[in-house]
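Since the structure comes first, as structure tokens, the remarks are kept for the end.
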Amino acid sequence: MREIVCELHAELVRNNLVAWTAGNVSGRVPGEDLFVIKPSGVSYDELTPAAMVVCDLDGNLVEGEHAPSSDTAAHAYVYRHMPEVGGVVHTHSTYASAWASRNEAIPCVLTAMADEFGGEIPIGPFALIGDDSIGQGIVRTLKDHRSPAVLMRNHGVFTIGKDPRAAVKAAVMCEDVARTVHIARQLGDPLPIPQADIDRLYDRYQNVYGQRSPR
Amino acid sequence: MREIVCELHAELVRNNLVAWTAGNVSGRVPGEDLFVIKPSGVSYDELTPAAMVVCDLDGNLVEGEHAPSSDTAAHAYVYRHMPEVGGVVHTHSTYASAWASRNEAIPCVLTAMADEFGGEIPIGPFALIGDDSIGQGIVRTLKDHRSPAVLMRNHGVFTIGKDPRAAVKAAVMCEDVARTVHIARQLGDPLPIPQADIDRLYDRYQNVYGQRSPR
Amino acid sequence: MREIVCELHAELVRNNLVAWTAGNVSGRVPGEDLFVIKPSGVSYDELTPAAMVVCDLDGNLVEGEHAPSSDTAAHAYVYRHMPEVGGVVHTHSTYASAWASRNEAIPCVLTAMADEFGGEIPIGPFALIGDDSIGQGIVRTLKDHRSPAVLMRNHGVFTIGKDPRAAVKAAVMCEDVARTVHIARQLGDPLPIPQADIDRLYDRYQNVYGQRSPR
Amino acid sequence: MREIVCELHAELVRNNLVAWTAGNVSGRVPGEDLFVIKPSGVSYDELTPAAMVVCDLDGNLVEGEHAPSSDTAAHAYVYRHMPEVGGVVHTHSTYASAWASRNEAIPCVLTAMADEFGGEIPIGPFALIGDDSIGQGIVRTLKDHRSPAVLMRNHGVFTIGKDPRAAVKAAVMCEDVARTVHIARQLGDPLPIPQADIDRLYDRYQNVYGQRSPR
């Protein structure tokens, strides 16, 4: 799991989701009340499997030489309250954060968005770092939506998945559709997709297309 | 043909036309009623010539260990109904998909667009995946235009060519002009190019410039 | 000169100025009425010094196995009429082409633009490929401006320099300022720089900063 | 210090903050009235630790074979007047320069901006190169703000840090938030973050998050 989580950080870089050290991936250790997460403030170039840290579901450091990511409490809250989740990703990716700073959900106007998100990508509340506020905001918002991604107001994106790779995929797709819908809106109004068609697309993608996040 | 199609997927990545696994290239096997296409949901890094799959013109798997791309039915329909086509590409490239989500054709306001597309890049209908609807929409729209690219409403782009490389070129050029014309329109109205000049540019490029798609 | 011109094409790619094969660099052979230019329709990956072609100042092929770039007549016209020019570059770079398609010059609102271009980047006429029209449009427009770059209407950019490297630098800087000024204008009006300050910046950069294009 | 400063220029390139040679990093030599800076007009590919030049705090060349960056006077002025600063970076990064050309500060509407900048990123005056005007503009503006970055009108960005790496981080984050807030503003008004929350975020990030710039 250390290796998987370490390698997935390279996907954040490759997909231009992060500047400097501002993004992190975690993965639940299968069968245990533990998860692996990025150490705080370490650059992506210097990440190694050994540098990754292990925390319990209250966010306490269990194993590792570095302090865990400053977003650890939010990841831990998600793992505690969503047992079906095996991976969590946090980024400040550009277009998604722009929607978040305006407090606007991203409307579902692309078939790829219906496939992956099953509807709009919702907005979560403004919450300060330091206690359970961010985690609560994530869980409450995602409980009401099919989307594995939530835009936290004035902040950035959190995504979930059945495993860390699925959560990274959701983060990549979230920024991709955030950008495309933004660009579409710059010159007019994208056409909505009827809800029944969104339902059909989502259902097919989740059940026919193969490996997918748990939601 | 497996090798060619496999390598061309790297061009989709290099030209930033795809996020995660959302794009595919296929190529007709010369002299046979078969085509080679990407397997479903496999990441571009893991593609090898051996992993590519072979289908007949009804989209049935003929050879290969993986399931074919979920867009196989659309590719097959094009090969069945457009015998001059030797390659098909599908992407959700950002700017082209933005035009598609607004249901707007891209007007021909650049000489490079007159060269490659011979006029506007047209819009095809909204169509759900799962039967021949997408393939029908592609073929009906392209029959009425010189353009080797069609923007499928709320979805993305399909391009054709005399071979897979020509179809990839059309996909690259389609996103390039979709972006440039979008940016031009953000600050005003691009000047149109008179139809007679579009005709002259298209004719020269198709006949003088060398290797080109069949349309 | 073949080697220099060949290597400079990699700069076009690295600076994202070109899609597919749509851009070319040429360089005058010092002391001779000849210039080296890219062959037509060859991809940048396959370019080698040996593949570059040599033409006389009327654009006739003198040495080389491939046909010269389809823009050769325009390059030749510039070399015939501007003896101080040692390098010419042509691209369809995105932001510059967007200004060109609206027939708008780029106003001088950045000190870096005053340094390199000495004022606005001007617009040249609409001209079809195939005779001297493009070359004439370039030369007439540049004669009236300090700028080593001209935006050809509905087409793209031509830049000149004392050698091919200076022309490539002008092409890179042209796209860079075209993008920055575009983005500035999206949210309001950039402040103009007074002409006297533009003159001072240009004079200093041309005379103090070191190696530069002849204009 | 030569090695550190040399390597940090690669971060400017990797983070797309610079076109051609238009950006530079300097670092104060610990315990001495000297700083290391980029030589003028040398491309980033050709930079080596040995090519870096050393200047005194009046900007005079003390050691090195090349002329120092044409921005050396501005760097020197900052080191003379801000003893806590150990690194300075200058770029013309795109989005930050666009705000600068409109003479607009970047409002604090992202938690990541509160963390790193503690409020808005302010605008400094228009100033010509050649004397102490730019340095004075930087120092006067930064003295009144928490931000380690200042947007110099119609010009570009200067950032400071306790060491050169912190100044580079500020330059990367400055462009990142300049881009995100620009994109947010294109489609409406981002929500402000209350000043008390900005203060809490800034205080936490500066004191809990670990290594940081001196301001």
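Details
We call the chains A, B, C and D, going by the order they appear; numbering starts again at 1 in every chain.
One rule holds in what follows: contacts are C-beta pairs under 8 Å (C-beta built on N, C-alpha and C of every residue); 3 or more make two chains touch, one makes a residue touch a chain.
These figures come from a predicted structure and were not determined experimentally.
Here the C-alpha atoms of chain B line up with those of chain C after a rotation of 90°, rounded in steps of 5.
In the contact between chain A and chain D, the residue numbers used by both copies make up under half of all numbers at that interface.
Separating the centre of chain A from that of chain B, both taken as means of CA atoms, is a distance of 31 Å. Rounded to whole angstrom, the centroid-to-centroid distance between chain A and chain C, based on C-alpha atoms, equals 44 Å.
Counting partner chains per residue, chain A shows two or more touched chains at residues 186. If the chains shown are joined wherever they touch, the resulting network closes on itself as one ring, and no chain has more or fewer than two partners. Two chains count as a pair here when they touch; such pairs are A-B, A-D, B-C, C-D.
Contacts from chain B toward chain C in the complex involve residues 15, 109-112, 169, 172-173, 176, 179-181, 183-184, 186-191, 193, 197, 200-201, 204, 208-211. Chain contact summary for the complex, chain A toward chain D: residues 19-20, 22, 40-41, 67, 70, 92, 94-95, 97-99, 101-104, 126, 128-130, 153-156, 182, 185-186.
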